[in-house]
Amino acid sequence: MHKMRFERRPTLPIMIQLINSIIFVLLALAFCGMFMSVLGFNPLSVYKAMMLDIISSKGIKNSIIAGLPLVFCGLGVAFGYRMNMNNIGGDGQYALGAVFCIWFALYGPVMPPALKITVMFLLALAGGAAAALIAAIPKALWNVSETISSMMLNYIILYVLNYLMYGPWKEKGQMIAQTTQIKKKYWLPEIGDTGISTVLIIAVVIAVFLYWFHKKTTKGYEMEVVRRSPRAAIYAGINVKLNIILVLAISGAICGLAGFAQITSILHRAQADMPAGAGYTGIVIAYLAGLNPIAVVIVGLLFGALQFSAVSVQVLGVPSQIATMIQGSIMLFVIIGSFFNRYRLIRIDGSAERGE
Amino acid sequence: MKKKVLSLLLTAVMAAALLAGCGSSETESADSSGNSSASSSEASGKTNWVSQDKMGAAPAKDADFSKFKIGEIESYVIDDGGWCQATHEGLVGAMKELGISEDNLITLEEIDDTDQAATQAAAEQLIDAGCNVIIGCSTGYSTFLPEIAAKNPDAYFAQWGAKQDNIIGYMIRSYEGMFLAGYACGLMSDTSLFGFSASCNEFSVRTAINAYALGCKHAKSDAKVKVACADSWYDIDKETQCAQSLIDAGVKYMGGEYSSPAIPETCEKNGAYVVGYHMDRSAEAPDAVLVSFCWNFEPIFKSILIGVENGSISKNDMYYWGGDCSALTDFASFVPSDVVDKVKAAKADIASGKLVVYAGELKDNKGNVLVPKGEVMDDATIQLQDFFVDNVDCAW
Amino acid sequence: MSADLITSVLSVAIIYAVTVLYATIGEIFVQRAGLMNLGLEGLMLMGAVTGYLVAVNQQNLPLAIVAVILVGIGMGLVFAFTTITLKADQTVTGMAILTFGTGLSGFIGKSVCGVSANLMFEPIPIPGLYRIPILGPSLFNQSILAYVMYFIIPLSMIYIYKTRAGMILRSLGENPAALDSAGYNVFALRYVYVVFGSVMGVMSGACITLSYTNFWSDGMTSGKGWIAVALVVFSRWNPLIAVLGALLFGAISVIGIDIQMYIHVIPSQVFSALPYVATFIALIFTTGNFRKKRSSEPGSLCIPYDREER
């Protein structure tokens, strides 16, 4: 009988990663299916209903509506995570980006639409960056954990949004805690008449840019070095503090774009509790996409699809929490499965020195 | 290289934006109106306030409801012990009275009313399932439903909240019930200090606060209502703290807009009294809840269903009913019988029109006159409740 | 009036603190052992729903606690296996536990939403002690879960700082390699502490549905799990400071509402945000490394122990 043990993989072929992920996603779905059958549902028919709903043309549209904010948050979090920065503050950055953006849209000077939307874009970036900086600066200067501080900021900024939406910026004469819609001329158009917003293009462009940045630029390489070893980075003359601030600021800025997407393309206004946990879902998305920006777009849209298709299965009687359960278990199973990305099973026999 | 990509990105944005600028021709009025729904409903059809006399009208003998398929979109779960439960029970009750089987009802729960994709998916799902009547339980859906309603003219959408295009509106004059509850508190209390534990700064909450305050004033002319603000629809800590703070400030009788048992439980622990809200809360705190205000949607839904069946319904209809819809439970046994009698009398006065809740002279808590002497407030202003009456002490 | 005010603020603060402290102290042990479980909110929700389900269906409180503990052990084992044996990233695993726990709790809680259990741990006034002015009615008129916490606090302080086992615990987090060389089973020890932390986490949830209030509602923990995470860092992994922090947080929340009833110029949301602002500022001052001195953070926090990489 040969003995087996686990050994670190020297390389990581993409094929293995992909197969791995698919197997474990299926396992996760099976796991949730177990809970469904305990409650008396047929998991296969539930999943089939969800798939059919997603593939329909309305489904694709709705997936994008639900998924765009998640994609931006995922991109932001993934960027931060590449430098071991735990940006848990996605919600707050999203909200502050939205606040800056809607302020200019509703109270700024009248301008040609192209210019106005560009400024709104920049302000959304600025808002997200500002929110992130409040957590980044203490981290850079005094090594205060950005995980907790950005999370506290979520609550604080959401209260600011709450105040504005119920109070001074609430649409006059209306009952809901939201602003008026921004003028139609400031809406970003749709692609042809598919009903899909051009913000999707912006998201893809940003994703491609980030991918190229990580792989090809000096700055990207620098960040990779700082991530792997802060000491080595200092010896190499890289300014660690500045990097921390830059990384978190950019991470926050991208999350702020989720607000931009909502205001220019989806809701066309701002609402109280607009983020609705997108920042946290963004973390799940970033991880499952392996921090790869292009994968983030795909996974983000899939999560959007998952979220609204849970609505349709309610008609079958399945509780809507199934969507969160599926998200959580996919994540858990893929995490467990990622072990096989890093380690492989080998036999121990006489020829142990001969690796594969 | 980096600069190139950055400028590429900016160009992409500007290109998209340019398309926005020279795209389809938007009319001037759409541009400048800011899409206020009040003005657009005027444009498409005058709001038809359905008279309360129609309440309780029976359907015709040969009315056929068998083909009805009814959908409801709930923002939370239907057994939340609060708002959604009230809507659901009202709908089920109305269906039962008309002989419509519960199999004809499709319920979609936990559709967050700020979630566009979910709301649209829900409405589309119900339409695809063949629903001809769709009820949206929360105001927030009105941001998304009018568009879907316009695309599906054969289905009738009904929505809680003020009137929107293509959608039947319904609201309950909660102020009638809360006024009576406040009146009862005013009669029972030794002091003139009352409290109110409020969730969020929203029209139905403000209505409850104001009506309660006016009710207290009806019993004690120097009644003052202190408001504690939770700034959350649902937070047991905040609600507990609000009740506790009011009690610490010397309040013994309070009203509230809340969804958990936290406030009744806190009152009971401290020997204070509270008005139940949304549903009968006497089981949660038998010694503290003197009466509860409940939403009774059944008459409204019944009327809507009858109207859809016999064709008399119009998409410009707006139901703003009080009376039996603005219901109070029975008073707890510790409430003296003379208080109960006085409240009953006041209720009759409201029904007959002798007692008007929002009647002049009425000032707000900033000193402005809301309603001059001899006049009464119009329904549209009452619906919005963008004010607090003069004896309300509130941070909002 | 003033003494009453202090008593009632203290009362609410204590109830709040006890609920959060179970999870906080559990997580202190976990982090001292070198791991970080961010999924406390998910644990709390699972504990809350499990305890309530059993209370409603079996009408038996001890059984409810047993069920809660079993759930805690189960979830703890999952986290431990994933992060210790499989050496997966701890932040992400925590988030997975959080998401799954949130969804699952809502899923299984549906059947008891709006259903009254009519069964909870009632406050038990301790004769004599609870007549002490000001402190008495607030400290000594609490449920048994609170009294248990009163013991856990000093016990954990003694354990961590005064016992040999505590020293081992501290080494687990600082320098697991040294322990390994000395012959201790680092993996097994970490498993034990993670499971302990997980059980404490679910107990927090049980406190909410079985002693703080007596009902279930989807997501009713309202962020308490995150407050616990913040408190662990704020307390510098010291249970006593965690207690003070929890009390402070609870007290500021109450006082915020009190003040907001009188001062109307400042929007009410400012007071709602106050506890979080206070925590943020406190975090900077208590954990900030202003003078480049050694941080009190366990040195090997979040780094999975791997013999191969020694």
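Going by the order they are written in, the chains are A, B and C; count residues from 1 in each one.
Assume a contact is a pair of C-beta atoms (placed from the backbone, for glycine too) under 8 Å apart; a residue touches a chain by one contact, two chains touch by 3 or more.
Just so it is clear, the structure is predicted and the values come from calculations on it, not from any experiment.
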From chain A, count the fewest steps through touching chains until chain C is reached.
1
State the pair with the higher C-beta contact count; candidates are A-B and B-C.
A-B
How far is the middle of chain A from the middle of chain C, if each middle is the mean of its Cα atoms, in Å?
28
Measuring centre to centre with CA averages, how many angstrom lie between chain B and chain C?
37
Could you list the positions in chain A whose residues touch two or more of the other chains?
159, 162, 167, 319, 321
Would you give the residues of chain B that are in contact with at least 2 other chains, written as numbers and ranges?
110, 231, 396
Set of chain C residues in contact with two or more other chains
110, 218, 267, 269, 272
In the complex with chain B, residue positions of chain A that touch it:
53, 58, 62-63, 65-66, 112-118, 121, 159, 162, 166-167, 171-178, 180-181, 183-189, 198-199, 201-202, 205-206, 209, 212-213, 216-217, 219, 266-267, 269, 271-274, 276, 304, 307-309, 311-312, 314-315, 319-321
Seen from chain A, its contact residues with chain C in the complex are 8, 35, 86, 138, 141-145, 147-149, 151-153, 155-156, 159-160, 162-163, 167, 280-281, 283-284, 287, 319, 321-329, 331-332, 335-336, 338-339, 342
Name, in rising order, each residue of chain C that touches chain B in their complex.
4-5, 8-9, 11-12, 16, 110, 113-116, 208, 212-215, 217-218, 220, 222, 253-254, 257-258, 260-261, 263-264, 266-269, 272
State the interface residues of chain B toward chain C in the complex, per the touch definition above.
76-77, 79-81, 85, 110, 226-232, 234-238, 240-242, 244-249, 259-262, 265, 270, 283-284, 393-396
Show which residues of chain B lie in contact with chain A when the two form their complex.
1-2, 5-6, 8-10, 12-14, 16-21, 23, 26, 30-32, 34-38, 106-112, 114-118, 120-122, 124-125, 129, 139-140, 142-143, 161-162, 200-203, 231, 383-384, 386, 396
